[in-house]
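Chain lettering (A, B, C, D and E) follows the sequence in which the chains are written, and residue indices restart at 1 in each chain.
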Amino acid sequence: MAKPMIFHEKEEFLKTLRRLVREGVAKERIRVITPFSVAEVEEILPRMPSHVQVFALAGAASGTVGGFAFTILSTLSWPLIVGGKPIVSIPPFIIIAFALTILFGALSTFLGFLLLSRLPSIRRIRSVEEYGNAFVITVEPEEAK
Amino acid sequence: MAETEKYDRADREILAAMGKPGRLYLLVLAFTVTLVASGFLCWYHQYRVGLGVAGYTHPVNWAVYITNFVFWVGIAHSGTLISAVLYLFRARFRTSFNRPAEAMTVFALMVAGLFPLIHLGRPWVFYYLFPYPNQRQLWVNFRSPLIWDVFAVGTYFTVSVVFFYVGLIPDLAIVRRCKEGIRKTIYSVLSLGWEGTRRQWRHYNMLYLFLAAFATPLVASVHSVVSWDFAMSILPGWHTTIFAPYFVAGAIFSGTAMVITLVVPMRKILVLDRYITDDHFESIAKILLFTSLIVSYAYVVETGLAWYGGNVFEIELFRYRAWGHYKALFWTMITCNSLVPLTLFARRLRRNIAYLFCVSLLVNVGMWVERFVIIVSSLARDFDPYVWDTQMYRPTFVEVGITLGSFGMFFTLYLIFLKTLPVLSITEIKEHL
Amino acid sequence: MERNLKKPAILLAVSGYFGVFLLITVALGFSWYRGGQAPDQPIAFPHTIHVSKLSLPCNFCHIYVDRSRHAGAPALETCMSCHRAIATEREEIRKLTRHYEEKRPVLWIRVYSLPEHVYFSHKRHVKAGVDCSECHGMVGAMKKIRRVGSLEMGWCVSCHRAKGAPRDCATCHK
Amino acid sequence: MKRRDFLRIVGVLTGSTLISSCGSGNGSKKFISSILPPEEGIIPGEAIFSPSTCTECPAGCGLSVTLREGWPIKLEGAPGHPVNDGGLCIRGQSSLTRLYHPKRIANPMLRNGGGKFQGISWEKAISLVSESLADSRGSGRKNLYLSGRTTGSLSALTGMVCRKLAVERLPEFEVYSHSAVKEANGLLFGQREVPHYRIENADFLLTVGADILETHISPVSCTRKLSRARGRGEIRWFHVEPHLSLTGANADKRFAVLPGREAVLLSYMLRHILDRGPRRPGLPPEVANALQRLSAESASEGTGIPVGGLQEIRDAIANARRPLVIAGGVSTAHPEGLEVAAMAGMIQWVTGEIPGLVDFARGENYGGVGTFRDMEDLSGRLGKGEVGVLFLSRTNPVFSLPKAYSFRENLGKAKLSVGMGDLLDETMQEANLVLPLSHSLESWGDAEPRRGVVSLVKPVLNPLHDTLSEGDILLRLMGKGSGEGSPTGYREYLFDAWGRKYGKKGRDEFLKRGYVEESFPAKRVFLDGRKAASLLEGMKSSAGELGRPVLVLAPSLRTYDGRGRGLPLLSEIPDPLTTISYGRFLSVSPGTAKESGLKDREEVTVSSADWSEVLPVKVQPGLQDGVYQVFRDFVASPPLRTEKRTGGAVEYIDGARLVKSGKMAAVPILSGSSSQQGRGLIPDPAHKGEKHHHGRVSLYPEHGHEEYRWAMVIDLALCNGCSACVAACHIENNVPVVGKKDHLKGREMSWLRIEPFYGDAGDVEFLPMLCQHCHAAPCETVCPVYAAYHNPEGLNVQVYNRCVGTRYCSNNCPYKVRRFNWFWHRWEKPLNRMQNPDLETRGVGVMEKCTFCIQRIRAAKDRGKDEGRKVRDGEVTTACAQSCPTGAIVFGNLLDADSRVSRLAGSDRAYRVFEALGTDPSVYYLHGKTRGSGS
Amino acid sequence: MKGFPGQGSGLVGMCVLAGVLVALTQFGPIAKDGASLLLALLFWATVIEGCVAAVAAGTLIKARWVASVKRELLSVYPLLLFVSILFLFLVPFVDSYPWAGRRGLWFDKKFFVGRNFALLLLAYLSARRFSLASERGEEGEKVLAALYLFVFVASQSLMAFDWVMSLMYPWISTLLGGYFFIESLFGGFALSGILYVFLYGRQQRVGEPEGRSDMKDLAILLFGFSLLWAGLFYSQFLVIWYGNIPEEVSFLVTRLSSSPLRELTVSIVFFYFFIPFLVLLPGRSKTNPYVVFAVSLSVLLGILVERFVFVAPVVTPSPLALGIDFLVLLVLFVFFVAKRGGGRRVLGKVQGRS
């Protein structure tokens, strides 16, 4: 584990980061910690696609399907006429389906986030070295990979 | 000075709120808690004796409880609006409001969720309302608006909590840093061991974007569904197509007002002027004005078309609203929701925090009254003239008690929030510092 | 990456929701069939003997079963018609005789009781060819009568489903 | 054989009561083996019916009592009974609540030194009475027997016992004694009788003050005959009265006459009929001459009826082939009452419709009934202290008699006053000794309301309390009084009497059928010209004008002369004209209200010379100015004069003054609006047919029904708002009585309500409103838990134990017929015995509503299944339809093309309320003033 | 004609010509109904007011993309005057409204014509005032924008209630007004989309990191509005479907029972919602000019079809007359954009393409 470089100015930090990239340090070896999301970092280092959206879509889709399935099947299981409305009356069911879409969508997105960003991490909950509000770059030694 | 120090100061100043509670705080807390207690007693009385202890006068079968439900769900809305919608619109001033607003959403929903149960005739069988497989082999009626409520509000609550929590994660990491002992552990666990690495931030931003994207239509849908609790009936004054957008606007209107009501004193007491500026207030005042205009538009159209349609039921209803038993309330509503906010066209008034505060209070009152008028007056004047209310509905001490209790509960929760969680989203503020 | 993530996500969502329901259903399912306890009756009437040994038909004593909604308990007169002569020395029969002579009706402890809001007619079920044992179990094999089946709504409904009997709420709910 | 019979009854009762508890209904944890198997034909869980007679008012309607597990749970009119033929009025329906009344006197009570009552045994009571009888006989005091109207065997027995015990039997006391009518008939025809009017044979009916639909003689029988005739469209009916009665509101035409001036009107009519040329038998000349001549104008001026009106009535009578004139009620209860009655008689004579329409042979048994003057005398004798023992049976003079008689005070001067009754009313409270009477459902007896019509009173259960029937009491007294052998009990006495009268077979027949009707030859009567003439002479001079404004004391539909006040159900059901349920009120005309600025519920002090009362006001459309109206039972011991000649009371208080007290009283007026607000609930026949039966535009696929679609047709032309259906519904369906406090909040529970809607002319139409069982019901869709749904037979079912009480269904019901249980409703013992075990009694927080008596449908289908057939038309009917005296309500299966319901529903008079909402109700209304059942 | 500042009299001439043409369709041999003109006006009034409204809204919320198409959008405002004049041609047609001859303050021919004409004129004036201000980038620009938006909302609502809803009297939907001005705004955005593609379509660079191009903003806006529209549509439909009150339902039934109408009615939902929503769902398509172009077209088409469905079942427009009216206005519209806006470029593009 190489010792981290700590910066107190954003610009400085970014400069160093750019330098490292120019020097051709393997991107995977550069580890960056910032007190808040810094857009520039993403520009300097090559973007890797985030797969959170996959979870979002999957969840939403299953919500829609589940919602319709649930409402339709349950009404058919004991068909009761109310107010002369058809047993399977889609317009109202849309609402249920929609609600479930959002619900599952949101939840699975959150789940996805946790999975992808390796949270919660017991190790770090136990002990994590704090850098306060500083910007940190650590370059993992070669043999790390 | 170094940027880091600026950030540190931000941490200090915002987290200062979480310090030891002062006497004032405790006094207020005690007060709100007593409210909750008395509210609970009233409810228990009603539970034992029967719903008759409330002031319902048939055909007015719905009144204060449903009013409160709609009111609190409405309050909840601005939270999501400010954090989600404004996030999508990349409105800067959002950062200084979103945390309290989101907290408000969660708490308001917790309060709102109680009222459908309180107003049930047989609260002990409330579980009939939930779709779960049971030995009776019965399901709920998905064609009933009340079931839509269960789903909409349920979803809304879950999503809001997630959204709130996600927003908190990086801040919790900061709190973790500043705390010691058991507190530290708690916050460490809550912060899930957040580090702030690039990977985390990337996914985090993605997540936040998506949550915002999900929450935005949700906001609209939830209050639409609430409005459909009424619009799905065939009752004159309830059954009208404009209700959905009108209620959504109304909800955001009242919610925004409540945000102002909460944030103004908060900023004063916690000295957060650096992070919540007058400009921010001005922009939120604009939202207030805008939504007020929509609501007024709805008033005009509703009444106008009742007259235009020449439908005896509709005409009588709107006459009754304006000149009948509840005329005082009706005109209060017009004044508070349509007339007073118009003053916000004046920039000077928009920027006058004290004035804004008063307006927000008035709007809160106005919107509560609006729901009351819509619900009660429509019920009191429906098709068969024989059942027209022979005497005016008046809430009894039970209803009043429970209503006050709900406010008590809301503020209690909010006060606890002030002392336990960072009141502003520090990380985002830093971003724009 | 994408493919092997979508699948579990969907599975999780769908099966998660319905899976929970499935579990609850199964759990409840067990409770339906646990039946009830067998109380001690004022007179230890042995169905074993009367039903199995003597193979008396049910409606020999429960005379109203095919005429009314109630099966009805036999009048002591009926019992005595035999037990004036038979097994008079037995303690239980003595009890019976005492009851009869002192004109004290026998208060049996109810094993099958339905809630007030349910309309149930023995007549209809008997006429529809439902065998007594389908609800009351093998009475002949019970020393003491105990409740078979939960008498919960689900219990009735599943039979009605199976037999294609009406499932209109108003058939059973008053 | 008597013994076995007796055992049978008791056997039935004990046996089935015991069995009853193995019904699942009452959820008892016990399961009972009775001693003996019950009688054949008695099956637990199945209803049995027993004939009896209603004793709520003198009319003596026949009953068919529904018994479940030995408890009477419902009273219905006995079909085919010569008096009521299946109909039963609101009071009759409520009689059951008298039987089960929690406050019934449970045992004999004696007033002790402290003036408090304390229970004593019957033996003690009886011996006490006979002792005091004896020693008052010794001390030369008179023993008196006063009772309410008594007919049949009881009357005979009373007579006998009185003779035996040397007790003077006083004329019976009834507030409505029809003394004027009796006097007039005595005068004219030598018949001191209240004749039987054959409405069914008339083609024109003019009722003068006679409230034939409410209390007059035999209201149910009148209503039934009248509505039959109207159904066939064979009769026109005009009504003349000074005030506004439910009867007047239902007449084809109603004329408000100046109080006390009816005689002028009738003499004008009579004169006109004479002038129209001789109609046999004509009038003797002296009478004709004595009859004064009036121009239409002066007549109109004298009666307050516009000339046009007078001519209309005049021509109606003149042109009718068989006109019938009935004078009575308030119109014969004033100084000129005698003349009014006499005129009516003479018109009848002149038109030659005696005995065709006015039958003296079958006189209504009012012979034994005395007058107010008799009571005045009694009071006097009491005052003189010459009375020893005074029996007061089934009568409440303390309440009904004017203060001036000071009856209450004098009653104390009797040595022993023996009150006999079931509830502790004003008179009973004054009595020294209280002997509780059994309810007619607990005792044997018979009644002869009309000569030749004998109706059976038969017990259906053992007395709930330690009570005896009046007959038994008398017999016991006699037994004590004189040692020689007398029947052991009233039952045996009756069986002997009947045996002697009808023979054994006849008696058994009587016991089964519940009534016998003997036939008489018609009785010819002749007009006594001299008396008639002198009466007319007298009339010229006498000025019967009452000093206005006048307060009219009207008989009450709900409580007759006040005897129904004790029954909670009767106060729960609102008065149909005012929709006021609980409490007293004073009706004033809109004109009066305007000029003196009175609003509903405003309290006023109404006072005359020596009397005043504080009453809330109800503005009553259709009431003429200068007339105030109050129900008889609202005013205790009112200041009434006795009329010199007839001895009857003058039911008017003239020169009544109103003084606003400025206070508002809490009066439950259930109707939110007296007019329809132009919403066409009852479409104006002028433009009928518009909007009705328009093809329903709908976005939903049609859903059908396989076997049955239950539906109801209500003929508004026949419905007269008598509210019998409401009472019937209450009792059939265990609808709780909630009381005034909830009524003030509009929280009444009645599943069926009568909505009166007034026109601008003060004319009123009644709309019975109940669950419409919509084909596309708004209430169902919004229920989150399917507690409300549409069942395969077209019923809108409410599953009580699924209901969670969101009350959305009620909000969304345009007819607002759903009722919510705001509290737990307690059924004070023994009222709970009245509950129908076929229904659940609803707990708190549950929505309930009309079910079209689904339990009856279920029973009918059960029967049908047993016999392997569908339910026949008319086999099943709802409680409301069954009780309706006019037969306005018809219930049946809409899918069966030739059922009465579907035929009526197809008629061009049929419409449904708020059809434009597309709810497609199953309740059809037949509208239009044009009477006639439309089939 | 002071509505046309400084621009050569060419446009004025064209307008007059157009007016004559339309007059022919109205009063001439072709058609007497006026339904076609009503339809054409409904569409174009919506679009034109929408364009200005889009700019006004953009200015209020400081949307950056507005600047790029501002001039073109604003250039069409004088047509509002033309439209309001054409509206007067409808006066004889007013009698064929179902409420015609019905006594009542609101349903009175003079008042009807009066209020609508007045409001159109007002819309024109406020649009003019605003566009002048914003072209000069004046101080009170925002105030005027807000002012215009008020008039815009009012006039669109009135159009909904008077021109359309009263055709189906006594059918009532309180939402229709809001529905209309949202659609109009939607149309405005759609048009800006089209113009944007015309103007910058080529040099649009696709796929820059965290790309926040105006194009994308517009696409997102369209996406969002398609959702908003769906919401409004659903909340109107659901209430009517659920209540199932004959008076209300008849509106839907007439449009869903007969064949060609049914398909058209259903297609509306696709034009407005499904196409924009599904097409714009994936992030990449938001930055593709052709996609945006297509979507915008579908939206405009949606407006046209919907207006047709509203009017057709009550009064059938004759295709020929409709065609003429519609084309006339289209040509005018294009020319205004071309001449007054910096639209020469646009035309250049058009020729370039063809």
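Everything that follows uses one rule, which is that a contact is a pair of C-beta atoms (placed from the backbone, for glycine too) under 8 Å apart; a residue touches a chain by one contact, two chains touch by 3 or more.
This is a predicted model, so every value here is computed, not measured.
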Most centrally placed chain, judged by C-alpha centres: B
Which of D-E and C-D has more C-beta pairs touching across its chains: C-D
Greatest separation from chain D - chain, by CA centre: A
Centre-to-centre distance between chain B and chain A (centres being mean Cα positions), rounded to whole Å: 28
Whole-Å separation of chain centres (CA-atom averages), chain C against chain E: 72
Centroid spacing, where centroids are CA-atom means, of chain A and chain C in whole angstrom: 57
Averaged-CA centre spacing for the pair chain E and chain B, given as whole angstrom: 36
Multi-chain contact sites of chain B, meaning residues that touch two or more partners: 137-138, 141, 143-144, 147, 217, 221, 232-234
Junction residues of chain D - those touching two or more other chains: 698, 700, 776, 778, 781, 783, 786, 789, 802, 917
Residues within chain E bordering two or more other chains: 238, 241-242, 244-245
Chain-to-chain touches, reported pairwise for every pair that qualifies: A-B, A-C, A-D, A-E, B-C, B-D, B-E, C-D, D-E
In the complex with chain A, residue positions of chain C that touch it: 1-2, 5-6, 9-10, 12-14, 17-18, 167, 169
Residues of chain E that touch chain B when the two form their complex: 61, 104, 106, 153, 157, 161, 170, 172-178, 227, 231-232, 235-236, 238-240, 242-243, 245
Partner chain C, residues of chain B touching it in the complex: 132-138
Chain E - residues contacting chain D, complex: 241-242, 244-247, 249-250, 252-253
Touching residues (chain side chain D, partner chain A) in the complex: 698, 700-701, 703, 775-781, 783, 786, 788-790, 920
